[in-house]
Every structure is written in structure tokens, then in C-alpha cells.
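Chain lettering (A, B, C, D, E and F) follows the sequence in which the chains are written, and residue indices restart at 1 in each chain.
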Amino acid sequence: MQFDFPLSQLESYAPDEAAPADFASFWQDTLAEARSFPLNARFVPVQSLLRSVQVYDVTYAGYGGAEIRAWLLLPAGTTAPLPCVVEYIGYGGGRGQPSDWLLWPSLGYATFVMDTRGQGTTWRTGDTPDPQAGGEPHLPGFMTQGIAAKETYYYRRVYTDAARAVEAAGSHPNIDASRIAVTGGSQGGGLAIAAAGLVPEVALCMPDVPFLSHFSRAVTLTDSAPFSEIAAYLRIHRTRVSETMNTLRYFDGLHFAPLAKAPALFSVALMDFVCPPSTVYAAYNRYGGEKAIRVYPFNGHEGGESQQAQEKMAFLAAHLPLDVGL
Amino acid sequence: MQFDFPLSQLESYAPDEAAPADFASFWQDTLAEARSFPLNARFVPVQSLLRSVQVYDVTYAGYGGAEIRAWLLLPAGTTAPLPCVVEYIGYGGGRGQPSDWLLWPSLGYATFVMDTRGQGTTWRTGDTPDPQAGGEPHLPGFMTQGIAAKETYYYRRVYTDAARAVEAAGSHPNIDASRIAVTGGSQGGGLAIAAAGLVPEVALCMPDVPFLSHFSRAVTLTDSAPFSEIAAYLRIHRTRVSETMNTLRYFDGLHFAPLAKAPALFSVALMDFVCPPSTVYAAYNRYGGEKAIRVYPFNGHEGGESQQAQEKMAFLAAHLPLDVGL
Amino acid sequence: MQFDFPLSQLESYAPDEAAPADFASFWQDTLAEARSFPLNARFVPVQSLLRSVQVYDVTYAGYGGAEIRAWLLLPAGTTAPLPCVVEYIGYGGGRGQPSDWLLWPSLGYATFVMDTRGQGTTWRTGDTPDPQAGGEPHLPGFMTQGIAAKETYYYRRVYTDAARAVEAAGSHPNIDASRIAVTGGSQGGGLAIAAAGLVPEVALCMPDVPFLSHFSRAVTLTDSAPFSEIAAYLRIHRTRVSETMNTLRYFDGLHFAPLAKAPALFSVALMDFVCPPSTVYAAYNRYGGEKAIRVYPFNGHEGGESQQAQEKMAFLAAHLPLDVGL
Amino acid sequence: MQFDFPLSQLESYAPDEAAPADFASFWQDTLAEARSFPLNARFVPVQSLLRSVQVYDVTYAGYGGAEIRAWLLLPAGTTAPLPCVVEYIGYGGGRGQPSDWLLWPSLGYATFVMDTRGQGTTWRTGDTPDPQAGGEPHLPGFMTQGIAAKETYYYRRVYTDAARAVEAAGSHPNIDASRIAVTGGSQGGGLAIAAAGLVPEVALCMPDVPFLSHFSRAVTLTDSAPFSEIAAYLRIHRTRVSETMNTLRYFDGLHFAPLAKAPALFSVALMDFVCPPSTVYAAYNRYGGEKAIRVYPFNGHEGGESQQAQEKMAFLAAHLPLDVGL
Amino acid sequence: MQFDFPLSQLESYAPDEAAPADFASFWQDTLAEARSFPLNARFVPVQSLLRSVQVYDVTYAGYGGAEIRAWLLLPAGTTAPLPCVVEYIGYGGGRGQPSDWLLWPSLGYATFVMDTRGQGTTWRTGDTPDPQAGGEPHLPGFMTQGIAAKETYYYRRVYTDAARAVEAAGSHPNIDASRIAVTGGSQGGGLAIAAAGLVPEVALCMPDVPFLSHFSRAVTLTDSAPFSEIAAYLRIHRTRVSETMNTLRYFDGLHFAPLAKAPALFSVALMDFVCPPSTVYAAYNRYGGEKAIRVYPFNGHEGGESQQAQEKMAFLAAHLPLDVGL
Amino acid sequence: MQFDFPLSQLESYAPDEAAPADFASFWQDTLAEARSFPLNARFVPVQSLLRSVQVYDVTYAGYGGAEIRAWLLLPAGTTAPLPCVVEYIGYGGGRGQPSDWLLWPSLGYATFVMDTRGQGTTWRTGDTPDPQAGGEPHLPGFMTQGIAAKETYYYRRVYTDAARAVEAAGSHPNIDASRIAVTGGSQGGGLAIAAAGLVPEVALCMPDVPFLSHFSRAVTLTDSAPFSEIAAYLRIHRTRVSETMNTLRYFDGLHFAPLAKAPALFSVALMDFVCPPSTVYAAYNRYGGEKAIRVYPFNGHEGGESQQAQEKMAFLAAHLPLDVGL
């Protein structure tokens, strides 16, 4: 069922929501503070049965200097600096196994897969704790951890990790730091938008059915997790509505999208109750760079799957061709 | 539907599961370590519209010295030391408002309501963070927080808080520390059993449909939360089955029940998918003190509700009569 | 999900629905007929373990002289006439145990809890039969009992019982009949509105997420019981639509609200599928007395729970202060 | 899913449950009392567009003399006394329209369709009120109406109506009272068994997936309505378990089956959660007459539908051939 | 819940959708091709226990000459040509048993029941294969079989079978080919509209809650099968949206309705998620003949059931009176 | 929930079910007939952005000579004959995109992915029609297509296609026909077992949570699709139980497993309602070759996912080492 606005309306949907006045300074300060910790990216080769790729187990300093894990996969025999795809992961999942990430290396691209701190138990294993988790009462899940203040909110840490992931990837000698694409689905898409907004060096942005955008509409529109975690939190913590919604304004894809300048390929699904299309278009319509969007009228949150993979492969090849640097 | 063993079989159900060899020492060490922090129980009077009770906002040092919140309600005009009911709360809830706790004070008993650290968002507000939460990837919820080792497991902290709650209650001048009852439903019942096992001074134990017992059977028997969180965790972290089940052995009501010597009134519901009756009887049948159980053949996890309240009122009045100390 | 009108629209929602021409005379006649039976309120003291309250098992004559049961709880030691809170109960529940009703007595108010005839099996026990139940084919439940005519409709009896409950409470020597508040949630809220509209002596009205209002919209808007019982009835009795809707016009909160003059505190939940917010606002916006409403944007039919209890405690204390009559 | 005993075990299932000592006298007294009211069967011709049948709207005196409605359909042009099929209806439904009942008349048999008092709103219209409904608090539905005592239980009235239906059918000049078959599905099947047990003149019994048998097992085995109404009632009225189960013993198909002597064709479905196969076999295995059963291994409560209709047509033709009386 | 447009809007709903330019020629060619096979209607008498009707097992040549099965029921003793009701069946069902079809013969009409090729397993048995089924990957079900092209689409074959059914019925000597009514519910209603549009000789059309109309709206409006099969197909076959929607334009009730000239009685249910009321009204409002519609405001897809049967009986008797030809 | 036998019992579960006497001859004849069509395997190179693999779009003659599609992926630059993994696909899915199949080529193995005729719409696209689909009425889905006889049953065609896939893979010059592994999950696992039983040349068998085994138990044990399709078919086609179960005996993994001699690695999940563990063990325990099984106690039908991929990678490397032929 297409439950949200009709497509024609989505295409021009522009909610009247301004970023907080201190949005930019909040994030400048946040990144500056994170960068006060040495990045300390380490790439430990992993022995595996894979012959077409070389795998590295990566650790780097994310928010607060916490050790964030990642995989780096390089096509076997890479010598020259390659363009790299940084992958962010959907809500609840972790980096899993290296063999879960063979697409971009098979195309000849380096791939850097950021583990999401604290996540990695709901549908694929993760290895990165969130040592700054405060333990405040919150709805089971991540959406309301530390939501009492923008300084303590969970996604402050994760967005920072995502920005630092681009830096970590770019620090590897076989990666061309000027040709880094960010991508991911759902939460991964939201992180791609945030990273593209926070890190000017990002060269391409490919968010699929992105999450974490237009909270003010989402929390009253959908009963599906994870947006629904916010409503569930406010169902009990009835006196914290304005403080909660205020925190979220600092983490809304709406306000990162205009900052991003890299060419972008979005995707959206018109039957997506998890990331309703109006929340995706709200970010897309404000996106600051050259952009295109693939629309899946009959899909839910699974979006375009293999079909969208084809679209992204072509978009990547067109914008970050492999052999241009040779 | 009565899905578990028939009642006649439940009544003699005795699974062959021994406590770990170091169960007692683990808990002695844990409590000793907790007691190395001063209890520091503070009772701040709360202004309220309630006339029949005097309310105090309580703080005391739980596991690791963390500040645990509680309510103390004394019948208005209390001067002599009273027997006290310590209430533990069901999974996901917090201490809420003082006006949620009028039963025992209306009977003339002091009431001490322990907030559960980290909880208090799913169905009633809580005010106590869990500062030692490690942030390791776990299933949203509390059942698998820190489950990689008995030392870091979430319930190590909560069981300790529960034991210290008895001490905190007993430290108030209007409470008779030799006449403290522990009670609660579901998780609250599990904590009551643990507290009765850990704190010899507990004078009465009234667990309703208690949770946290007989994990080895529960995790394969029921799909209902919160036991199901463990299965969901192992569904993804497939290589951690034995380590997980080993941790749980240190937190199983099965092994606290024999240590408890206070008279006890249990309740059990035969259609309870959340705390299946065999897991309740497994603890009950091993319970170390004088004991009775009320059976609700047609109830689910709601158990006996007001009917069981009547049973507990009578049991409390019989075992800890109000005026005996005068 | 907020599925109904947005809040700004709710606040001015004023459906164009007039009361039947004979609405007032129907209810005058109904009450007059009920009052032709002596009220015969009897208050039998109940022995209990409760020390802070004195409990009475009450019987009085409701519609058709039928014996309606209630609890009266007086703060222990009451001598002067007190203001009293009359509680009506949500759909399907009964008066339960006296210990279920400790809030208002703990504040120092008398409490009169009316059992709802025929109800008291779905979620809390009741003790009052409905001897005038006609046994006509109806949808299991109460919403369509006797709905073929306003004279035989189930709620004619219950609304009358509710009005008589105010009289019964006021007849007790320790209750000040000029300071009676009516309250309740869901069906209890609907009865509070009806009682405030029917009984001019009611001094305060505090309906929470009230039911029984704006039937014409509700029956096509929600699939949730109990409004859905009406649709389910008409699904089978297809030829009785107009007769059914006509009966309901005599029982619609829309038409009682303007008659009520007592100060009122409503509550409404914007995700409430049981009593959709537009049906609550339709009554609230027409309410005839001084009024206020608490809005819970992220709650369903549970509404404000303990938070709303705090609001009501303050509202009650402000409008019916305890010691004013001394 | 076949959730009950395997078929081989069902075929010899014989639960050890004896009828109450006064079972026979209770029913003798009940019928005697009913027969103290004149049967007063009236057959009012109904004008209809049906050409192959003549329809009569029937009224007769059931339990307590209450007016029970029925349809009588005679093949057009009937002159000689015919064998007759008495149909009882499934739970919640009523007699509906005459055109709903064309099967037996098309075969050449008279058909008498008893309306079930109070029912006829859930899935097909009924026209018969239950004037003796007491209005006691019960679970919405019919299973627990008046269940506090065998004298007041709803099914005392209905079983009596069912017995009187056979008498009413037999009183029509075009019906041969010695050749009356009783049939029905679910509740209708339960009533057929009861009627065959109570009325020795019944010549044939064809219960499909019969309900109302083996309550003691059913209430703990299935969560499906209507058996589940009993469990739901006892979930709240926790203190009434033995009184409730005792009442049911007087209405259990287990105890009517041995009294019945007419040849019988049962049907049973092995995936039937509504009337679990063990409850059907418990009655079937005790049935007092010549008997056969059709087993539908992959059906739920819909049972054999048209296929079973074929079976019954053949069974009826074999046992009550049409032209034998000519 | 009434989820679609309100009734007042439905009554004038006229979506701006034109038939394909070659719609008429496509169907002329299709029927011409089908008629190139001899109709070859055979009527084999069936022995049965039914006395009021004579049953024939019918076979005739449908699309591509495939053998389509049907039942013909004639009132026993028919000699003169009778008006006939052709019944089409709802999605998934088959012709079942002759005894399932006694209504119209009992009124004195011939009845011709067309089996639906390939169907007859979901809810009633069918006997007719679909030998032209191509075996292309499609969503389990019939809605997307051969949907890649109008020539291969499943409903091309079925609509043709439906048109040929009218011819087959009319070919029987006891049927008056000028007095044939078409009827059916859901898919059967959609086929009735198609047949009335394709076969000018149809004398009456009685579609109930008709399916297969206004695909363009239906596929985005409802998640209920069978419309949802189309969305599910396009969820995977993401590149085939326009080709799929184009095929459906040749099978849309919207475009058959204006071609039909026979008097019609429609029915519609306002809570019907299977065939949403706007899709029914879209066809009804365009219907080319004299017309009326019965509205069931509180029904889902079951629609008017026995009540609508009464309406149709009266409509049939008024428009095709039985004895007019004598 | 572990709903099936406990693990200890599963490990020795050996149902007493013999293969039909003509099982072997039926399959010999079937394969002989299929081989009467030339295999005609064509490998058309596909242009793609993938650099590490060369993709071929494959067509070969399956059952009845029908054209079956497949992908062949060879590691880029392959010259010598490689061992090959033949992948069969789970129920409802198709071969999708070449980029969906990068695991085995990244390890250095050839990969041959067989499309499943008729499937490829439920969760991933397929391209292969089933031209021999007979169009008989069956339950939507594939489980009951042509089930009236072993000769016409859908899986006769698919099992034959699976056997021929091994031959087609082996016919490519860069594949070593003596080193072919078969694998797949669910239906793919069932096909792997069948292929290993039918084709002696298969060198390794790795079925995950295999489907299509032990029908006689499965159809009464689980309500989950696709086994449930058989029960749903028999729910309507009530007279075809023995004919249906007889057909299935020719397609039961139970009877293929003993024929297989290749070393095998199975996996099973103990909470798998789709392919219950007893049905997997029934085949595993009879399997004719050297064997091992990985048990996932807390998984449903998703089984071991990436974890099992690691297990298979190691098993494959151990049994079919890459460089042994050089």
C-alpha cells in the first residue's frame, strides 16, 4: 500500500523546518573534539580462503577515541591507490564476515565497512562496543540512548564515527582519499548523508531508503521500528517531548543534506513503512549536490535490492571510474 | 492454553542442574566488593498531596557504588520501627510515581521500592541509570548486556542492587531491619528470590510468577520476551552458546532458591508463556524455607493480580504482624 | 501513529450534529422513572487489613430499581463530611477489590466506586448483574444490547445508574453532597461526562480518554473494540442501520457535554484507536463548563496513566480543597 | 498442524470422566418442567419467490415457555408425512433466511431449522431472544452466561429448546415424527448429540465437528473461541474454577452420547483448534448407537463442507429413505 | 473501518482513465478466434439424490478450444425454455458440488455454473485445467500469469470462457437464450461485468462486490489479495511496471462497464479491503445500462450475503419473470 | 522455540518409511527420457562491470528438453579446469543477477547457478518458464502442481533439471567434471540431496536446512509454507489424500539420501518451522556418504547464514582443494 503522499507531491515536498542555529557549530565542535584523538588507523591482514580480495581487520579512533572496527577489502594484487566505497550498515546489524562484502571489490574498488558501535546483534554480528553508552533508561534499542541532550545522544557518537571512517579509509596507502564514495541502506543511508554533509572530501554519495531523516513527521506517521522507538519512549516519558524532539533536530538528515556537495544517487520505496517516502524526499529535495533518485513504487523497506545494486554499480563506474588515475 | 507440563508433574519437577562450583564464592565476592562502597542511603522527604503516607526519595550505593534510586513510603505519623516490604519491579518498568505504591502503606507497612538500573522506559518511568553498562553489542533489552562473562553480566549489578536495597531499607530509623519482606512480580519475583538467597536477614519472600529461573529450559521453550532475548542473541551470535549459557548459571533462580530460608509465598500461572510454570516450579520445589504456592490455572503472565494481592496481604499479616514489636 | 486529524484541527473540531429534539425529555423521564424507586443506599462496613481507610460495601437502587453495588472508601477516622470522588470504570471491568482504589483516600478524599452492571469479567471482577438485560440477539459485549430502541438500550440503564451513584454517594453522612467529583477512564470517562450532564450537583468532572462520544464518526473510523461492536452488529443486521444510529444519538457524549457546567479536566491521547481523539475533542469542544485538556501525543488508549493521575490530583486539590468546609 | 493426539490414539481415546450422579434426573426434571408449558407450535406460511419449497415461520415454546423461532421448509406439493431433518446452528449464528436452507428440501425431506436463542449476530441473523438471560457478569458470548449453577446456565435453556424442536417438528401434519434426523455443525453438532441423548424418538444423528464435548480437556487445550471463553472467564473469576467446571459436567457431550441410540454419522477434522479432535472422539467413542465417523485429516473447523454434505445425503437416504412410508 | 472515499464522493467518482485505443478490436479478435473452435457444448446428466433439480455435467470449448467444465441445474420436470442464471465464481474457488447451487433452481430458474480454469483449490474444488498456462515465472496465484503481454494474460482466457459460457447455456434446448442473467461475487462479479460487456445478448447483470476493476488505483491502495498479487509481482520484477500496467488496461472492468447495456444490480461494501469501494464505483458509475446498487456500509468483502440474495431474487423476478414466455 | 524432538532424539531419528518399489526405475526412466534430448549447453558471455569474474548466461536442456537458464561465473583469467560449485535456489526465488553470486568465484571456484523453472517472483527474479506446467487446479505455488501422478508432478521436472545442471556445468571446458559440488539452502538443499542421489559424479554435497524431505511427517507437523501448501491442497481436495501422499514418496529426500555417496556437510536449525529438524535429520541419518552436520540450536529457517558460509568454505577447501589438479 502506498500510504504516504502521492509521488507527484513527494517530488516537491519541502517541509518548513530549519536547522537549529548552532547546528553547524555543534558539529564543528564535535568533529574537532573527535579529531583531538589520533585517528590511529590500523590495518591487520586477515588470513582467509578468499583469493580475489585481500582483507584487513581495521581499528580506528571514533568518537571520544573509542576503538571502531571495520573491514577493508582490496582487490587482490592492488598496488595503485584505488577509489574506495565506504559502507555503513543498517540498524541493528554489524560488519559480519568479510565474505559478506564482495560486491565492490569484485568491481575493482576498495571497500571499507564500518562496524556500528553497540549494534551487531539483531541481524548480523558486530564487534564494536559503545564504551560511552551512558546507561540512562531508554527504550531497548539505540534510538533513545542519551536522548536527553544532543551532547549525549547515541547518534552523535555514530555520526562522528562515520565521518572518521572516511578519514580512516583515506589514510590507507592503496586508497585514493579524493575518490571515496559513501553508501549504505536505511541507517547506512542516513549515515552516508551525514558523512557527505560533514566531510567535504566525500566524492560520491549513494544512500538507499535512508533512515534518520525528518523525525518530526516520522514519529507520528509510522508504527514501524526504529522510528517507533522514539514514540515508544515518549509514550512513557510523557514530559520529555520537547527536549527529545529538540535533540533530534541536531541529527536530522534534513539538515545534513544541504551541506553535502558530492553527486548523489538516492533510492526510495513508496510502500516503505520503515523509512516513509516523505522522509526520504524531504532530505533528497534539499540535497546540496548533483542528484538523482530511483523510485520503487511497489517495494517496502527492502527497496531496490539487486536492481538498485546494478544502478549503483553504473553510477559508481560513471563518477569514479577505476582507471582514471592511472 | 496450558502448554507446559501438567500440574501434577510440575509439583514434583526437579531438573538435574547443579550450581557452578564457585557460585557461592562468586556472590560472596560480588557482595563484598559492593559493600566496599559505603551504603550512603539518603532519604529526602518528598512534598506531595498524599496525606496518609510520607514519601522519601531514596538514593543508595548499589553495585560498584552506583547511585540507585528508590521510594520509601511510610504510613503518615509513623514513629516506631515498622516491618517493611521491599518491592522489586517487573522487566522494563521503573519506580514511577509514589502514588503507584499505596497498597502496603495503607496496610500500615513501610514500603521501599527499588528502581531497576537502566530500566524504566517500556511501561513505567525509571530514574536510575546503569553507569557500568559496557555498551557491548547485545540484543536490545537487558537480558544479554555483558553476557560474555559473569563478571560483566547486567544482572550481576541488579542482583547486587537488590541485596543492597534490603540493607538500605533496614538502615532507616523507622524500619525494623529484622522484619523485611521482599516481593515483586516477574523480574521483581526473580529479584525477590535472589535477595532472599543472598541476604539472610530477609524475613519473608513473596515472589509472583517469578522470572530469571531455569534458563536452560526456558530459552528453548518460549518465544516470549524477555527469555526470548537470549535465544535472539544466540540466533546471531551463533558461536557463543556455551559461554552464554555458562554465564546464566550464575544468575539462575534455581541456585538462589535453596539458599533462601525465609518463609515464602509463591504464585504461578499455568498459561504463562513469559515465565513458564516449569521454570517457576523448578525454583519453588528447591526453595529452602517454609513455603506455599498459589496456582492460577487459567492465567497468563498477569498471574493472580488483585486476588494474589489479597493472598499476600494475609500472608504478610500472618508472618510479619504489625504490632508485634510494640 | 497519529491516524486522526492533526492536533490543530482537533482543537477546533465541531461536527454538525444536533441532539434529538426529545433528548432532554427522554432523560428527564428516564431519571424521573428511576427516582420513583427509593434510592435505598446501604453501606455495610467491610472488615479488611487496610488501616488507612474504612471500606463499605454499598448497594443502591439504579435503573428500574436494580441493586447496584459499589465500594465506599473513607480515610480512616473521617468524621466531618468530605468531598468525594465518584469513580466509573472502563469497559468490561468491575469494581474489583477495595485495595484497588487507594489513591483518592490516600489524598484524604472519600471515594465511591460504582460497579458497572453486567460487566466485570473481561479484566476485573464485578458483582452487579443487569436484571433488565433483555436477551435480544446482540453482538457479544454490551454495545448493542437492546439497541433496537432507546428505551431498551443497555446504556440507558448504566447512565441512570451513574447518575444515581452521585446521589448515593451524597447520601452518606460523611460525604459533602455539594463537593462531588466524577471521574473515570474510557467508558468511565464517558459516564463521568454523562453524569455531569445529567446531575447538576456534580462539582467537578475529570474524564480520561472518554468513550461513548461521537458515534457517527467512530463507527466508520476505528476497528477497535468496543466501538467496533456496533459496526460488527450492523455487518450482520444490515437492515438496522438507521434504527441503530438513531438509538445511539440519545447516548452520545456530544449531547451531554453541553449540559455539564462543572469545571472539567479532560485527557486525550493522539494515538488512541479505541477512543479516537476526534471523538474526545468533539465532546470537549462542546463541554459547557470551565475546562482544560491534557494531550498525550504519543499514547494510545492507556492515555496519561500515572502522569495524568498527578494532573488530576492537582486539579482536584485546587477545585475541591479538602479543608475548605471545616 | 495436527496438534492433538495422533489418529490411532484418538480412535481409542476414552477419558475417565463419569457423569454427575444426578445427571439423568437433572435433565428429566428440566424437560418435565419445559413440557409443563404447552408446546404451542405455530406454522405461519411465508410468501416467497421460492417455487420448489413451501416455507413456514415457526414459533414454539422452548425452555421456560419462551417463544423459539424456526423455519420449516417442505418440498412444494408435499401431502404425505415426510421424514424431517432438524438443523441446529453453529455458535453465534441464527436461522437467517429460508433460502439459506435448500439442501434437504431439494432432496425431498422436510427441514426444520431451530433458531438459537440470543444468538444470531456474529455471522447470520437470528430472531429469538433469550428472555431468561439473567444479566450476571459473564464473558461476552454465551459460554459463561449463568454458569454459576447448572440451573441457570445458558445451555440448559438451549438444550431444552433443542429437544422441544424435535417435538415441534414432529407435531406438523406433514412430518413423520418417527423419522426425524438431527444434524448440525459445531454447536449444531453438540446440540444434535444432546437432542439424540434426550429425545429417544430421534431416528438419526449427524453431528459435524461437534462442539460442547469434553470441557475438562478443551479448556486447557485450545485458545480458540468459544471454548476459550470459559478460560477467559476463569482468568478473571479466579475463585470460581470448581463451581464452573461442575456446572459444565451437566452439559458435556460426553454424558449425552451414551444415552443416544439412533444411528449416527459423525465428522471430525484433525487440524480443528475450535473443537479439537480428542473432544470429538471422546463423545464419539462413547456414543450409544450404531455409528460411523468421517475423518478430515487436513481440515480445521470448517471440516468436510460439501464433501461431508455428500456423505450425509447418502447416510440420510440409506437410513431414512423417502418413499418407505408410501 | 471505512478506509476509502466517503460515500458521497464514491457516488460521483469518475477516474480519468481511457480504454486503450485497440481495446474493442483486441476483444473482437479474441472472441472471433475463440469462436473459430466449435462450441461443442455437451450436457451429461448426473445421477444424484437431488429430487427438485436435474443436474448436468457440462463441457464446452472456451478460449483456445480448451474444455471448460460447468454444471447445469434445471428445475425437475422442466420442459419449456427457461430464463437462466449464469454464475461465475470468486477467486480461487471451483464449481464444487451441484448441491452447492440450489438457490436459482429453487426459484424456478435454470442455473449454469462455470468452473474457472486452473482455479478450484483454495476454497472449493474445481475440475478445469488451464492447458494454455505458459508456466512463466509469476506470483503464486493467477493475477500475474502471462502478464507480460495482453495476448498471454490469464484473464484473456477466462474472460473468453465467460463469454462462451453464455453461449453454451443458451445452446441448451430448455434455456431461453434471450433471457440469460449473469452474476457472481468478487471475481465472479468482475466476470459478470466483462460478459455483459462482451456479449450483447446478456439480459441482466448482477455483480456483487466485483473484482478486476480500476487496477491503477487498486494496486497502490490495498494490501489484500488478490489485487496485492500484482504489487507483489512488481516488488520483485521491478523493471516491468509499465508493461504490467499496460496489460491490465485490457482487462479492467472500467472499460467493459460502458459496453454493457443489460439492466444491472450491483452491490458494494464500504469496508471492503479486497475490492475497495472506489474500484467498484469506478465501474458502476460508467456502467452502460439501467442500474442500481446496494450499499453495505459496515461490511467487508463478504458484502450483503443472504440479504443481497434477497435483493437479487427480487431483481431477477422483476426483470426476467418466469412465466412471461408461456 | 524448539518445537520438534529434542536433539538427542533427532540424532537417532529413523522413521520406518521405505521407498516405493519402483523408485529407482522411475528415476532411471525419467533421467533416460531427459537425456534423450541433447543437453545443448550454451554459454553466452555477459558484459558486466565485474572485474574479478567472467559471467556467462547459460541455457541447457532440462526435463522434456525445456530450456533451463543458469549463470556460470568463472574467476577472471581462468584457464585450467576448475572445481565447480553448483548452486540450487530456495523456494520462490530465481537466479537474480550475476552479482548475487560472488562468494565461490572469490574463493577461486567456478560457480554454476541453476534457475528454478517457473520460480523467481517471490523474492528474487527468475528467467526460466516451466513450459510443461499442466495448468491443473492446484494450490497457488509449486508444491501441488501436477501432484495427481508422479509422472506429472512439478518436482519431477525440477529434480531432472537439477541432475542435468551438473552435466551442463561439467560440459564447460574450464570445469573439471569430476570435482563438482552441489549446494543450496532449503529447496536448494533438497535439490542438492536429490542431485547427489541421482548423479554419481557429484563429488561433494552441502545442503543447508534442506527442504523436500520426510513429507509424511512434515505435512501434519508444520503450518509454514511451503510444506503447508500440501495440507492446504488436501484441505480442499479431501478425496485425494492417498494419491497425493503416494506421489510425494517418489520425491522424498529420505529416499535420495541413501543413494548419495559424496561426502556431505549438512546444516540444521532447531527452531526451523519451515523445514523442521526431524525432517532434516530423517534424511541426514540415512545419507549414504561420509557426512557431518552443523546444528544451530537457536535459529529458524535462516539457519547458519554467514557462519555456515564459513563452514562450507572450509569444507569445500578441504575436500575439493583448488590446486590439486595443477
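The rule we apply is simple: a residue touches a chain if its C-beta (ideal position, glycine included) is under 8 Å from a C-beta of that chain, and two chains touch if they have at least 3 such contacts.
What you see is a predicted model; the values in this text were computed from it and never measured.
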Given subunit A and subunit F, the chains that contact each of them: B, E
Copy-to-copy rotation for subunit E and subunit F - C-alpha atoms, rounded to a multiple of 5°: 180
Most distant chain from subunit C, judged by the mean position of its C-alpha atoms: F
Duplicate of the D-F contact set - from A-F, E-F or B-D, the pair where over half of the pairs recur: B-D
Subunit B-subunit F separation of Cα centroids, rounded to whole Å: 51
Mean-CA-position distance for subunit C and subunit B (Å): 37
Distance between chain centroids, defined by C-alpha means - subunit C, subunit D (Å): 40
Where subunit E touches two or more other chains at once, by residue number: 124-125, 232, 307
Pairs of chains satisfying the touch condition: A-B, A-C, A-E, A-F, B-C, B-D, B-F, C-D, C-E, D-E, D-F, E-F
Subunit F partner contacts - residues on subunit D that touch it in the complex: 1-2, 270-271, 296-300, 302, 304, 307
Partner subunit A, residues of subunit B touching it in the complex: 92, 94, 117-142, 144, 232-233, 236-237
Complex contact set, residues of subunit A against subunit F: 49-53, 75-76, 96-97, 99-100, 102-103, 105-108, 124-125, 305-307, 309-310, 313-314, 317, 322
Subunit C-facing residues of subunit A, complex: 219-223, 231-232, 234-235, 238-239, 241
